[in-house]
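One chain, chain A, appears in both complexes that follow, with chain B as partner in the first and chain C in the second.
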Partner chain A sequence: MLMFSYLMATGITTGAFYALVALGIVIVYKSTEVVNLAHGDLFMVGGMLAYTCYVMGGIPYLPSLLLAVAGAFVVGILTERVAYRSVLKHGLASVLVATIGVSFVLKGIGRYIWGGKGDYLAFPPIVSPEPLQFGNIMIMSQQLVVLFAVIVVMAALALFFKRTRAGKWMQATASNPKAAMLCGLRIDRIYMYTFAVGAALAGAAGVLMAPLTHLYPDVGFVLFIKGMAAAVLGGLTSIPGAVLGGVLLGLAEQLAAGYLHSSFQDVVAFLVIMFALIFLPTGLLGARGLRKV
Partner chain B sequence: MTLPVLVGNRSFLALLFGVLLALPAFANQYTLFVGNLMLLYIILALGLNILVGFAGLLAFANAAIYGIGAYGTALLQVHLGWSFWAAAPVGAVLAMLIGTLLAFPALRLSGIFLALATLAFAQATQWVLWHWQSVTFGAGGFRVPPPDFGWIPVKQDYGIYFVSWAVTLGLLLFTWRIMRSRIGRAFVAMRDGEIAAQSLGIDLLTYKAMAFALSSFYAGVAGALYSGLLGFVSPEAFDLFQMIIQKAMIVVGGLGSVVGSVLGAALLVYVMEVLREFKSTQEIVFGALLIAFMVFQPHGLVVFMKRWLPGWEEPLHLAGGVQSTAPGHDTSVAGATSKEHASAERT
Partner chain C sequence: MKRLSTTITASLAFAAITALDAQAQGANVPGITNSEIKVGSFGPLTGPVYIYGKLTMNGVEVYFNKLNQAGGVHGRKLVLVREDDLCKPEGAIAAVKKLVHDHKVFAIIGGGCSNPTLAARPDIEKERIPFHVFAAVADGIVDPPAANIYTTQITASIESKAQIQWAIDKGAKKLAIVAQHDAWGRARYEPMIQDFKRRGLQVVADEEVTVDQNDGTAQALKLKASGADAVMLLGYPKAAAVVIRDSIKIGYKPLWIGQTAIQDLPALQGLIGISGALADFVSITTVPGHPDNPQYAEWRKLLKDTFPNDDLSVFNLMGIAAAEVFGKVLEAAGKDLTREKFLAAYNTIDNFKSSIYPGPITCKGGHKCNESPAFVKLENNNVVFAGTVALK
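Moving on, here comes the complex of A and B:
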């Protein structure tokens, strides 16, 4: 029972983190119908920028976080302007190929700048590294920070989509780009900011997660797969779905690792993607009645 | 008619394969290795182009299938003591069988979703290669005995080179014929509009399975030759970066063009070898090539060849983006068929 509750606690905290990665993927997909395969590498860029500011530059943590998020936002804008905008007219699959190109360019740049200093960069903990005791479960305090941050980001996104004009523009563009354009929305600009917001979210996830996972140039794709699995499970278009999918994925991984074998932890995400896409194409909370697959 | 034949795609292929055949006469061991690698990548690019360029199925599993071919061949030799000549065909067929299974998700999924599912399949394959240590020897890889050329008096690396050359030429001619046959036209019809193809009597399951089977057979053959060439296999040779290299080859060469695959593979193997020492530069260059071609010339280098060389025929070249099931592709369908008629009249 102790092991079970420990696995549940770890599952929920790692799941919250997967949810944070998934949220970025979902937001981009919701308004552009593009799955950004470079999302994980934007995550890596965010983490590396925070490392540069915080560890190498000696800037305090919060400003480092903001700088890294802003940096990721700018990278997101750049990638959209350079790589995606002119490819969008050739169809979504072409954009997918472009995003994987961007993914490798970012990874190569990451390896070029930050890869030479030992394979893994250790990010010092920002809160006390002592685990906290709840009853008889131990939880890393950094995991609680991530959990808290996910709740904040999700609430902020919900508010953004419900209350702000920019959020409504994005939703309008998502549901019908042509009609949105006829209403006078500049959809290319909205796409640009969507990619940038997705990138900023990836950057934020990178900064928050850096103390828990070491940073290395290839970290992005591993996390992209997990975030993707969470997003697909949740239905790819639903923000609560992404969070639910993330938590379920985290729990499934921990249970597989705890009760089967520790190496099974990584394979869960692949299986979830394959089976969810084939048997549950709208996910758990995705839009019903639309055949997009 | 004589001049176009001299400066067309056929003469390009004849020249390339002639040079490659003569290569062992004057090349050192390293150049020979690069030449051999070029042959393997031509096979891989042809196979991937059948799937992505002709049949319009954007899949990301080719590197994993390539790995299954290589591992199948190598493991049969190491565990069961088979000779290379027995193991290689079995490895290639094994890769083909596993690859064909991917046609079933492809029936339900299209575009981005097929890409994601096959990406997950590729990563799962990597996971198996890493963790099933009792069979695959894990992340470090393992050594394979070199192919035995006891029955002909030829040095080992020359032997595998000539085998690769012959196999590549055979597969190239086979691709050339089959893509101009009923099957190739069915692939192109499927790519340009699934519903239209279905209503013309093209059975989607059969032809999708056939596209996956063909492309994974090519990847399996390349994998088998790779294990014979290198004498060593490890999971990281078949990772996502390998996939990007192959994808860049067909995008640079030209989607839906047999000669484009050859052109892209030959060029990018050269680029890859120039940058071999710097993994970060390789990643940046291949990523940037993909982006640049997607932005500036999504139809690949073949477009320039068609424009400049009078004898360069490309009846089935993909004239839209990667996937032309988007609305407004009718013109490209009409264009492709009219060009096809033109070429049929000429021949």
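Moving on, here comes the complex of A and C:
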């Protein structure tokens, strides 16, 4: 029973990791219908910027976090302006290929700037590194920070899309770009800010998760795969779906590793993607409506 | 006047003969001129594990620069030519062909990843080019021996045997393994399982981790349930850190025994983040001290001079250490350098006390020049020598 309790608790906290990454993927997809394959690398950029400010520069944590998020936001704008906008007219497949290119470029920049500092860069935890006791199980306090951050981000995004004009513009553009343009929306700007917000989310995730994932130029790839699996399972257009998908993926990984064998832990994400694509193409909470012509 | 013209004529003739001789030697021995020796290197310069290539090569270059500033080896400057193998077998084969046929290097010091280096071995043997392994650890690179391949890295099987021996020497009764099952991990895992069988020992828990693992709770729970009192860690630093961290979380504290991939103990402690996490941890080492230790001040400075973005790491030191032996062999090979003389000179390396490797280096009579696994531990945040084992 103790083992089950540990696996469930760890599944939820690990799932929060994946949910935080998945939220960034979903927000970009929801508005642009593009899966940003460079999302994991934006996570790396955010973490590395925070490392530069906080660990190397000695700037306090909160300003470091804000600077890293702002930096990732700017990188998001730059990537859209430089790499995505010019290929958007050739279709979504071209943008997808461009995101792969951006992913390689960002990794290369990461290796050039931070690659000579050692294999893994340790980011000090913002809370006590000692585990906390809940009943008869122990949980790392930094994992609770991530869990809390997921709840905050999910609520903020829900409010953003439901209550703000910018959020509604983004949804309108995703739903029907031509109609949105005819209504006077500058969809190029909306796309730009969408990629920037997605990048900022990735940056925030990078900073919050860095004490647990540690930092290296390729840190984003595996987290992107896990985040993608969570987003596909939950529904690529659903913010609550991203969180649900993340938690379910985290639980599936832990239970498979605990009760089958630890060699199954990493395979689960790929199985989830395959399962979701075959049996739940719109995900658990994704939009099911088909557009009839 | 006549005397002066005779002197000038004789000098010109001497210079011409010397130049012709140098040209002739250059024509016969690839990569050698009168003023330089072109040395090739291959390993990952980009990609997820670039550290094993790029940083190790940076170390080699730092040592070569030091030799060059002191006048080179027998008056010849060493020039390092790098090729990226992306840590892929096909990449290493292509890199070796390029070094041999395009760059026409004299010898190769390299091999960042085990599997690609293994894949390149047939070509290296066929070309008979001297090859000094600086980082890859798979036994198959030098076992069975090839006449032109030497390694100064402790090989995987030696490390795996040493880990088990350490556990037994410390009185451990129940031994467990946590291993990466990629090519790197299997090069260590399989000799370890064989050694368990040879000794008639049973593995009480055999868990898997991945290089990018972010949580090790499931592994820790199963290790604890097995009652293992010593755990052999066959993983990279991040994988090792999460398993140790999550073991502490559930109150499980066995004797952890690491290998050279996790020899940077302060860095590992930083990754775990919990004070005292490495109280019961030892690791085999290539470098018997932390790169920040005062004994490496000279290398820190020389590295910064050449690569201002880099901080001295274990990988740099691995490159420096291998280059030091390589330079020693070059020196022993003499001024009239040929590949045959260079390879023969490895036999002169006998109980060589390197400035970095913890044990003596002996290439005389064997191609595994480093067979002295030493262990380190962390005490008061300082890396200290923990002891050695006698491999039975």
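Keep in mind that, in the parts below, the second predicted complex is superposed on the first by the 289 of 293 C-alpha atoms of A that agree within 3 Å, B and C clash if a C-alpha of one lies under 4 Å from a C-alpha of the other, contacts with A are read in each partner's own complex, and residues count from 1 in each chain.
Following the convention adopted for this analysis, a contact is a pair of C-beta atoms (placed from the backbone, for glycine too) under 8 Å apart; a residue touches a chain by one contact, two chains touch by 3 or more.
None of these values were measured; they are calculated from a predicted model.
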Using the overlay on chain A, decide if chain B and chain C clash or can fit next to each other.
clash
Return first, second, both or neither, reflecting whether A:D188 touches chain B, chain C, both chains, or no partner chain.
neither
Of the partners chain B and chain C, which touch A:V105 in the superposed model: first, second, both, neither?
first
Where does A:P281 make contact in the superposed view: on chain B (first), on chain C (second), on both, or on neither?
first
Tell me the contact category for A:P125 with respect to chain B and chain C: first, second, both or neither.
second
So, does A:T14 touch the first partner chain B, the second partner chain C, both, or neither?
second
Where does A:G115 make contact in the superposed view: on chain B (first), on chain C (second), on both, or on neither?
both
Could you look at A:G91 and tell me whether it touches chain B, chain C, both or neither (first, second, both, neither)?
first
Which holds for A:L271: it touches chain B only (first), chain C only (second), both, or neither?
first
Taking 181-189, 199-207, 217-225 or 271-279 from chain C, which overlaps chain B after aligning chain A?
181-189
What part of chain A is shared between its chain B contacts and its chain C contacts?
108, 111-112, 115, 217, 221, 263, 266
Would you mind writing out the residues of chain A in touch with chain B in their complex?
33-35, 82-83, 86-87, 90-98, 100-109, 111-112, 115, 217, 221, 225, 228-229, 232, 263, 266-267, 269-271, 273-274, 277-278, 281, 293
Chain A - residues contacting chain C, complex
3, 6-7, 10, 14, 17, 108, 111-113, 115-120, 122, 124-125, 129-131, 138-140, 211-214, 216-219, 221-223, 254, 257-258, 261-263, 265-266
Report the residues of chain C in contact with chain A in the complex, numbered from low to high.
46-48, 50-51, 54-55, 58, 181, 207-210, 212-215, 217-219, 221-222, 225, 236-238, 241, 245-246, 248-251, 264, 267, 270-271, 273-275, 307, 309-311, 313, 315
Contact residues on chain B for chain A in the complex?
58, 105, 108-113, 115-117, 119-121, 123-124, 127, 131, 240-241, 244, 247, 251, 279-291, 294-295, 298, 320-326
